[in-house]
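Both complexes shown next keep chain A, but they swap its partner, so chain B is in the first and chain C is in the second.
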Partner chain A sequence: MLNVFRLSFTAYTIPDPLSANKYIGFANYVFLPYDPLFVRSLTVTGIFVVVALSLELILGFFLAYLVFSLPKFSYIYRVIFSLPIMIMPLVSAYLFYMLFASGTMGWINAYLSLFFKTQIAWLSYPWTALFVLIMEHVYRYSTFAFLIFFAGFTSIPKDILDASLMETVSEKQRIRYIYLPFLKPHIVTAAVLLLIDLLKVFDSIWIITGGGPERFTELLNYYIFKTSFQLYHVGYGSAMATLIIIFLIIVTILTIGRKMEV
Partner chain B sequence: MKLKNLLSYLIVSLLAFVFLVPILMLVIMAFKPNTIVTNPLAFGFSLENFFRLFEMGFGVNIYNSLVIAVITVFLTTALGTIAGYFSSRFPHGATFYQRFMFTLRIIPPSAFMIGIFYLVAYQLGGYDTWWGMVLPMTALQTPLVFLIIKPFFDGISRELDEAALVDGCSYFQVFTKIILPVAKNGILVGMFFSFIYTYYDFATALVVIGSEWKTVTLALAGLKTQRIIRWGELFAGAFIATIPIIVISIIFNKYIIRGLLISTKG
Partner chain C sequence: MSESEKVNRRGFLKYAATTVGGLIVGGVIGHLLAPRAPAEISTVMVTEVKTTTKTVTQTVSPTPTAPPAAIRILGTEGPVPPAVEKNINKFGEVANADVTYESFPWTGFHEKGTMSLTLPGKGMYDAVVINCDWCFPAWHEYLEPLDEYVKRDNFDTSDFLPNAIKHFCMWPKGMKVKPTGLEEGELLGLPHLSDAMFFVIRKDLLEKAGCRLPTMDDPYTLEEFKEVCKKLSNPPEIYGLGFYHQEEGGMPDTWTALYFAIGGEKARWFNEDLTAAINNEYAKQAAEFLKDFYDEGITPLYQIEQAWGWLEENFKAGKLAAIHSWGLGALSLKDPSYNPLWDKTELVLPPVGPTGTPLTYYAGWSWGIPKNAPNKELAWEFLKWITAPEQQEAHAIQCPPTRISVLNKLGKEREYYNWLRWVAERARVLPAIPQLLEVNRIVFTQLTRYWRGEIDVDTAFETAEDEINSLMRRLGYIS
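And now, the complex of A and B:
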């Protein structure tokens, strides 16, 4: 990690090993805001993170609420919903590629053309390609949010629940005044962990879109990888990596501090 | 009330089905004959994908992955348990240490990859060797094992240690004979996760590994090239790589979920 920090001040490119010792001051950082691809990658990553994070939290909460309110068999559903995070990310990426692939190869398109006579070229448009990436991540990690929330639900004291049943509290009020306040620390934890993982997304981009169309879905992690190891501007990639590391450290310090208060 | 219950069962079952669809897809495609594997509307059964996969040398890839994963698991568990035990028994400064570990855990791999590439592959000459992969994976997974295992050690009362000391055990004996057996579950969960993450890793392997030590993930990714995609072999390989872990996680679901949740508490 210190190496990354040091390299971020150099003009290191892989074909020329000696350049690792060529210090160029803050030039890598100064160049960042003027790199249109970096700015766009940052924006798209922002959109990706916000949409996926909110979808995962809502879906996870909804699932946990439903499974928790089941009187019987909730264990089976818990097992089922814990499976997606055990799938190899690479494999799940391939599966989603297969689901959304264009032509008659993709499962969704095949059934769309069978029943509705239409097809959508999911991976050919920037926004739908981003949507596929979001769905892949939501598939794996909304169940992760589910597991955290479910643990939260089971930690609510029984007598409070019983009291609320007795007092004819409506379901809406129960969610608003009992479940949500009790789950607040769990929601914060889940949000931080999902955020971390959303910034790590790499395998699915590599497999599903390859960064296309027109490099639109090159999210930060992938963009750093590409500049460093395919375009060989390691120094420049290190500058971006350093920025992300600083950003994440700030986020964790803030949230861990808040968790201490709760 | 009855109607409402029925409705929620219906919704949950539907959602459960949706979540199972990709896994079912995986199973269906792995056993499809190669001629119809890209046609979602046709179904069939054959084992030819698996035969062709192993003719391409997939066994070697599994062997590579397993060697790397097992060595990594061994190292991470050794380091993680010792670190976990001592920071749980000597809490002075342990919170800082724990936070530091948590921070290490969250940094995206691409940020590490440059450092890994420079240090391990270029300076130490570990490019395309097994230890070139084991070193960074150990560095990345030890914090995780530590975070999983430490709460288990916290749960063991300190009086147990003291009783053993009074009875004439050395410190080392206390650790190996008393503490380790009691914390067995936690250590197993930690091993499981460290195994999964090493075995599933793609990004680090992409940087460090060339052709000699190709892992399962690299081999799977290599089946998709610019011109041709060998879907049949690909999903057969994916099946072999994923299904054992899914089966294990169904059987030991309770422990694994607990480990997962503990590891998230930071």
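And now, the complex of A and C:
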């Protein structure tokens, strides 16, 4: 990590070994806002993170609430809902590629062809390709949020729950005044951990879209990889990587590092 | 500030300081303790590692027999198919060496090789297989010059195809880019595999449509080729032509080949001053020609999302009547164990453009010795062995040769080898620039937008040229 930080101040490109010691100050950082691909990557990554994170938190909360409300067979539900997180990222990515591909390979298109005599080229258009990536991540990580929230639900003091049952408290009020306040630390923790993973996304892009179409799904981590290993501009890639690390440290300190009161 | 707020603030600052301090200390310790080895990329795995050990017969001697020398070789499945692997293992017996061959998956091989070659100190590999277009331009600074070895051993390189030597293995000292791809310079490898793009076609459908097969004396013209593909097309059951149009890691192969075919020597990627030169009539004509294939339903638009392998898979499944594919992959479609339609499949010569240039380009792979190789002498012996006529002939069916004598000999039995020699002498090659993949992706992105009808052809190439120049400026090739 220290070496990445050091290289971010150099003009290091792999075809020119001597450039690893050619210091250029903050030039790599200054260039970032003028790089249209970086700006687009940052924007699309922002959209990806906001949409995926929201869906994962909402779905995770809903699943945890459902399982908590149905104590009978809750163990079975917990196992079933935990399965997606256990799948290897590559396997999950390939699964979604097989679902949404066109031509002979796509399962969804196979059924669309059979029943509706049509196909949708999900991965051939930028926004639909991004949608598939979001769905893949939500499929795997909403269960991660579920596990955190379920732990939160089970940690709510029983006397408070019993009191709310004795009072004429509606379910909506219970969610708003009891569950959500108690789950606040869990929501923040889940959000930060999911944010870290969302910014690290690579495998699914590699398998499903390859960064396309039109480079639209080259999210930040992928763009850094491409910059460093195909553009060979390691210095510039290091600058982007350093910024992400700093951002995540700040977010972690500001959220999990703070004392949170229920 | 209240007492509790002071406590919270102190706690927060303590936490922040601990986090940052811990990161710094951890980073320093990690940096000092970390072994000098590349980080593994989680998306790729070594599929297999093969080791051949020679059993040494102990003779009676007062001193122990020296252990066999060891050589470690890095390859990938395309240029190192099973027949070549067999020869690699045989080298162990011949040279009394421990041979470890690592076959790294195709996707990720480039990154693996880059990290291995750039390791400081002693490297991991003694010999590496190198792609002429997307590896060699980036790796040339990290490869051992071989001119002295050739001179010392009186090694004859005249039997190799001249363009294979120039494009796959030579780099002029001090030059960052080879604009035509054929500039001569230091010898940095020996040519291993020749390849060019050919067409694979369903000959049963061709006969049914009343179309002829092209020959070397009478190849298709571009218009005739389009008509043939149109006649074979019956969408959505079967499309007339498929070609690689993937943005990821891809070369816009078919468009590039068409650009060369239409423009001939005038079809350049870069000017002398390394500014982009693709915003011209030939590039646009090539783009328009292929747009007709999409618009008329001869080619499916969804092919832009497809990864490597989809062409062959769809051809075998009867979804494509013809494909534009590298010879290496195309040859396998004549194998009964691989393609159920093998007897209805024919490899055909590419059509020829108005300049006489065929719709293809020439490329291939070489073997090189990293500068950080632990055993360069043994690696040099390996290079001479694996590229020798006997070995090239033995693995020719899976790995098209680069030696003229071998091509001439095999051409008597199979026309394909004559075609390959014909193409190698006439076809263009790509410019050699380390960031070729990035340049290709810039072009590809604009071509995709044009083929989808989002922009017109003039905008596509103006934008592509601007972006390439911006890239060249950023990389310091132009001011």
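The criterion applied here is as follows: the second predicted complex is superposed on the first by the 256 of 262 C-alpha atoms of A that agree within 3 Å, B and C clash if a C-alpha of one lies under 4 Å from a C-alpha of the other, contacts with A are read in each partner's own complex, and residues count from 1 in each chain.
To be clear about the criterion, contacts are C-beta pairs under 8 Å (C-beta built on N, C-alpha and C of every residue); 3 or more make two chains touch, one makes a residue touch a chain.
Because the structure is predicted, anything quoted here is derived from the model rather than measured.
Contacts of A:70 after superposition on the shared chain: chain B is touched, whereas chain C is not.
Between chain B and chain C, B touches the greater number of residues of chain A. In the superposed model, A:154 lies in contact with neither chain B nor chain C.
Contacts of A:173 after superposition on the shared chain: neither chain B nor chain C is touched. By the document's definition of touching, of the two partners only chain C reaches A:209; chain B does not. In the superposition on chain A, A:43 makes contact with neither chain B nor chain C. Look at A:249: by the touch rule set out above, it reaches both chain B and chain C.
When the two complexes are overlaid on their common chain A, residue A:54 makes contact with neither chain B nor chain C. With both structures placed on the common chain, the touch criterion links A:221 to chain B but leaves chain C unconnected.
In the superposed pair of complexes, A:123 makes contact with chain C only, with no contact to chain B. Residue overlap on chain A between its contacts with chain B in one complex and with chain C in the other: 1-3, 17, 90, 104-105, 202-203, 206-207, 229, 249, 252, 259. Of all residues in chain C, only 8, 11-12, 15-16, 19-20, 23-24, 27-28, 30-31, 42-43, 107, 110-111, 114, 118, 137-138, 140-142, 176, 236, 246-249, 300-307, 310, 313-314, 317, 319, 434-435, 437-438, 441, 445, 448-449, 471, 474-476 touch chain A in the complex they form.
Within the complex, the chain A residues that touch chain C are 1-3, 11, 13-17, 31, 90, 101-105, 119, 121-124, 129, 202-203, 206-207, 209-215, 226, 229-233, 249, 252-253, 257-259.
Listed in rising order, the residues of chain B touching chain A in the complex are 5, 8-9, 11-12, 15-16, 19-20, 22-23, 25-26, 29, 38-41, 99, 102-103, 105-115, 117-119, 122, 196, 199-200, 202-203, 206-207, 217, 220-221, 224, 231, 234-235, 238, 241-242, 245-246, 249-250, 253, 256-257, 260-261, 264-266.
Across the complex, chain B is touched by residues 1-4, 7, 12, 17, 20, 63, 66-67, 69-71, 77-92, 94-96, 98-99, 104-107, 110-111, 114, 139, 143-144, 147-148, 151, 189-190, 193, 196, 199-200, 202-203, 206-207, 220-222, 224-225, 228-229, 234, 237-238, 241-242, 244-245, 248-249, 252, 256, 259 of chain A.
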